[in-house]
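Each of the next two complexes has chain A plus one more chain, namely chain B in the first and chain C in the second.
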Partner chain A sequence: MRAQSKHQLTSQRFFHDVLPTIIFLLPGFGLFFLFMLGPMGYSLRMSFYNWNLANPEMSTWVGFDNYIKALNDPVFRHAVLNTLIYTIITVSVQMVLGLCVAVLLNQQIRGRAFFRVSYYFPVITSWVIVSVLFEYLFNGQVGLVNYVLKDVLHITTTNLRWFIDDRLFFVPMTLLAIWKGVGWTTIIYLAGLQAIPAELYEAATVDGANGWQRFRFITLPLLRTTLVYLLIVLVIGGLNAYVSFFLITNGGNPLDRTHSILTWMYKVTFLKRDFGYGAAISYWLTLFVFLISLLQLKLLQKTADY
Partner chain B sequence: MKSQKSILKLVSAIITLAVFLTACASATTPVADHATQQPAANGSTATEAPAQSPASIAKVTVTYWHSMSNPETEQFNKVIAAFEAANPDITIESTRYASDDNSFQNAMVTAMSSKTFPDAARMDIAWVSQYAADGVLMPLDGQMSDFNAISKAVFPGPLSTNFYQGHYYGLPLDTNTQVLLWNKQVFQAAGINEPPKTLTEFADVACKLSDKNKEIYGYAQGGTYFWASAPIFYAMGGKIVDDKQTTATGYINGPQSVAAFTMLKSLYDKGCMSPNLLGGGIATDAGHGEGKYAMIIDGPWMVDKYKSMYPDFQTNFALIPTGPDGTTSSVVGGEDVVIFNSAKNKEATMKWLSYLMSPDAQRIMAEVGIMPTLAGLQNDPALPPYFGIFMEQLKTAQARVPHPKWSQMDDAINQAYQRILLGEQPVQASLDQAAEEINALLK
Partner chain C sequence: MRKFFSNGWTYFFLLIGLAVVWLPLWYMLATSFKTQSAIFEVPPRLWPNPFTIQNYVDVLTTNHFDRYFFNSVKVAAGTVTLTLLVSSMLAYVFARVKFRGRDTLFSILLLGMMVPPVMLIIPQFIVASWLSLFNNHWGLILVYTTMNISMQTFLLRGVFELVPRDLEEAAFIDGADSWTVFLRIILPLSKPGLAVVIINSFLYSWEEFAWAQILIREESLRTLPIAIANYQGEHLTEWGHVFAATMIALIPVILIYLIFQRNFVQGIATTGLKG
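Presenting the complex of A and B:
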């Protein structure tokens, strides 16, 4: 009897708690397996083969050759360098600028809602549209930026060919990312700022702390979790840069020098049709992102202290 | 109370799952293209429809992919309508992809990896041998009953682009080539009344009509890919590989090819050719239409393109100027239509191909600048008059290398050209490197 009631109890628990949970989770997990884990596993397999797209069964096993090939590939190395420079510039500027804007927008200023919407507007605009816009602005022959630099400010005497030079092209590319991204960091900062108890500021003011001291000793330490979150998400986003590079420099033009890691992966995969190598490049990127995220979490792991 | 809550939880969970599954199910029904004719549209009353529908014949659907432009797609809907009217048992479901090579190539590659090819497709003549080598195309000779008749009726050049290792894997749907476009107003303003006849004249005129500081150039190319420089390359006597496709040494880096790229490099350095070809500049079509680029080299579709872009603009064509040996040349372009091995209903698909190759269908498409491949239509009064110059140019135009790895050869030449323009390597050294890269692809 006792055993049965116990069994009844568990089956009751199963029907009341476990089963609904499973059913609720099923669609999400189904999608996750179908569209994320499945393809990831498939491309992991591809990365160890000289992959034959039309007849996968005829692919030949090459071990880690594709991974080694990437390390010896000058274009891949250049793409990694480009991606790192792009990430460092865009992430640091977005984090600092976003914080400044958030602190300003957190004050009781006139037209606050208007400014918040204005800063957020580029975020909701599609990457494609923003890329096309910047392509026009920085057109090497008739762009607005060249007009201002050459004909209004007279800083240069000739039009700058923004997208032909593998250093100059960072200017439009990073400005685009910063302009488009800063609104989002601002919103996240604002959420973090609003979670800081007002009493702390009141107490500090009573103790005679000035504005800078309040920011340095209250705001900044209590924003730590927000900072970590932003840093990780922005770095991952930066390393995954694709759309703007693909649209603006047509993936690497000229001479494959303006690639991001992903545009080179794309070219290798879809134009050169080297699917194994393309998969290996994407796994290098995955590993890279994973390690950096781990490092960031470790370095900044400290609980908020209030 | 607690159990009621649990039941509620379970029920809502099941509902969620059900909603999710039905959403999935409805998503798998094929999305009808705008080209697909909806028979329901003329069924005026609901009571009449069920009485008629069981009587209708069992329909087969043929899926067809293409990457035509806006005016071409609109015109193409007329072809579909005509075919469906003549074959009430076949429905054509056409899907349009963006007309740049990348998007369409992507769709093809995705289809290949997931084995979801359409029944038939229109593809660039340079792609057929690649897909034939992949083993995904159906050989049409011996399978299609009217193959012999059609292959005799078309121009041999475009037909040959379908040939791969003993079989024909497609039919030449349309053909084209590039000629010189010269902006008459710009020419006349500089006191020149005629387009250049020789490439030497061409270079002189290009420089005469350039003003680098105002971003005005005598000549502009759309990019550094081979198609863009091919007409000048071939007119200068350039060759990529030998006819038997055994080597590129002495061809892509031979004296004529070197001379062709040396000429382009000199135009670029002197500011007589727009720097837009390296990226981030004014596009050739807009630049020519607005008078910033006096000359560009492009195809027959430009007439309809300018009709919508600049309605007042008068397009003027001329043959590609002649090279050192006194002959003009250009590059053969066009599209072939192919059937995939995986096609579900091959009979209906072959019927569709035959119709696409018929004089009727070719005449309809010619109205929007698509040149027919049927030799019998060459002097057809229904064809637009400007086809004449393209027909003339086609006589000397050359095909790119019909090889499964052509797109990689194209990339090798593209990169060599970029190295030349940016001054990274002298012309000869750069083309020597390209020859080595192409030789590796020929093996």
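Presenting the complex of A and C:
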């Protein structure tokens, strides 16, 4: 194509350069517009209407009412609180634990590959499978966790009902996300750690720096990009928590105390049939995610200056 | 050289981690071989006794998990093929063809990486209904491909840019067209990158739950994630069956993971795709 671009014959240019390019772009952008951009626009439009699914023309314009409705909706507010707590716990634990595992695995030890493969394993099991598994482990009657707490450690005298209580349910929900996620965080950290030149550590050792000092003054500063990247991706993932909440508590009928933002959006949309309100909730979330992405760019720019 | 802990402590911590990772998985595997009465035993056993494969037989014969498995294979095959084709074509243009507005177009495409998938479910559902894709595997394949396009194109563009340009320039001088260059030069020289795309799109399709749950209401068309979730909901206490179904769903993932282990880690590390 580059070689041909010097030709001035327009028809030849069209068939040789322009047409193939269009053919190459068409399927991808066709799908992208049909199932990504189109839906985004359509959803934005819906969020400003009291949407009538059967007769979209009959929908009534309500301006920002759906967005304001969310702010005054106690269930939505509680879902936001749940999602934030879940995100803060899962992100911070994964960041710290992942770094510990990565530092351990970055040493020259036997069986490194085995450990790495093992630790990554929970990541490839799906959210559905991990949710079902933890529902079993934390099950009221037959769960392994209750057995250990009650019959082995004697911490409680009764079986705890992990998924009913709107505070207790954070324990299995966050543990399953951490269990599933740490392997991924570790791999990202490892990539970052391996980019740090070994000479830096050697020089520091010669200068008499101990393990902690090397970690604090070489590893941490040079991992900044990785840290920022992980923080953002994990936060976005946490805010989008859906499958585990949906499968395990589904908001906790009938009180709706254990929703995540997205399970509440699902219920509002597909069970209460309030499509406009559901769309507004998803746009609140998108706005949040977008702001966090901007923050990422800012932080990364700072890193570049550093 | 890169030592922060002594070997003893390193192994101590790593083995604790290993136990935490493997115990739930092992327990799941063990439960899938337990009889229904053994599941309610106190204390629970970590080794199934009596050992039975009845759960697997039941799940495959009377509960139609063979059908769900086949549905998942079909959808995954479609998604992987289409993602591979569509993303590599896009990536080729973004890596090699210069035209005005190319960077803008690429930025628009990258928007797709920022959008939370669940947010799109409502309007995607409406689009799918227009196109009569409700209860149709094509509805899954097309949406899964779309959700993968941005990330995989981004990844492949990076891979294609590493292919030396001399080869294609020689081919162009010999009169080859872009299609030939794409098929005969770019793709064969990018196999490791293509493997990563195959893994990513396969896993996405194999595990996806939210969209499939909305689109597929017909029982015989269910894919494995919906089948497992619904099965667990309907047969609350039959954990042996639930985990037999789960293990069946995990087998292809484990196989692919072990075969492509190297590409896996590379792909994750270079693209940062969230599992």
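Methods note: the second predicted complex is superposed on the first by the 264 of 306 C-alpha atoms of A that agree within 3 Å, B and C clash if a C-alpha of one lies under 4 Å from a C-alpha of the other, contacts with A are read in each partner's own complex, and residues count from 1 in each chain.
Here, a contact is a pair of C-beta atoms (placed from the backbone, for glycine too) under 8 Å apart; a residue touches a chain by one contact, two chains touch by 3 or more.
For clarity, every value in this text was computed on a predicted model and none was experimentally measured.
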item: Chain B versus chain C as contact partner of A:L190, first or second or both or neither; value: second
item: Partner chain in contact with A:V96 - chain B first, chain C second, else both or neither; value: neither
item: Partner chain in contact with A:Q107 - chain B first, chain C second, else both or neither; value: second
item: Residues of chain A touched, compared between chain B and chain C (which is higher); value: C
item: Chain B versus chain C as contact partner of A:G140, first or second or both or neither; value: first
item: First, second, both or neither for A:P20, with chain B first and chain C second; value: both
item: Which superposed partner A:W162 touches (first chain B, second chain C, both, neither); value: first
item: Touching partner for A:N55 - first (chain B), second (chain C), both, neither; value: first
item: Which of chain B and chain C A:T249 touches, first, second, both or neither; value: first
item: Which superposed partner A:V123 touches (first chain B, second chain C, both, neither); value: second
item: Where chain A meets both chain C and chain B, residue numbers; value: 16-17, 20-21, 24, 27, 135, 141-142, 270, 275
item: Sites on chain A touched by chain C in the complex; value: 1-4, 16-17, 20-21, 24-25, 27-29, 31-32, 34-40, 42-43, 46, 100-101, 103-109, 115-129, 131-137, 141-142, 144, 147, 151, 179-181, 183-184, 187-188, 190-191, 198, 201-202, 205, 211-212, 214-215, 229, 233, 236-237, 239-240, 242-243, 246-247, 262, 265-266, 269-270, 275, 278-279, 282-283, 285-286, 289-290, 293
item: Chain C residues within the chain A interface of the complex; value: 1-5, 7, 10-11, 13-14, 17-18, 20-22, 24-25, 27-28, 31, 39-40, 42-44, 85-87, 89-90, 92-93, 96-99, 105, 108-109, 111-112, 114-124, 126-127, 142-143, 145-147, 149-150, 153, 169, 172-173, 177-179, 182, 203, 206-207, 209-210, 214, 225, 228-229, 232, 237, 239, 242-243, 246, 249-250, 253-254, 257, 261, 264-265, 268-270, 272, 274-275
item: Contact footprint of chain B on chain A as seen in their complex; value: 15-17, 19-21, 23-24, 26-27, 53-55, 135, 138-142, 158-159, 161-164, 248-250, 253-256, 270-273, 275
item: Complex interface listing, chain B residues touching chain A; value: 2-3, 6, 9-10, 12-14, 16-17, 20, 102, 105-106, 109, 112-113, 134-136, 213, 215, 224, 274-276, 278-282, 407-408, 411, 415, 418-419, 421-422, 424
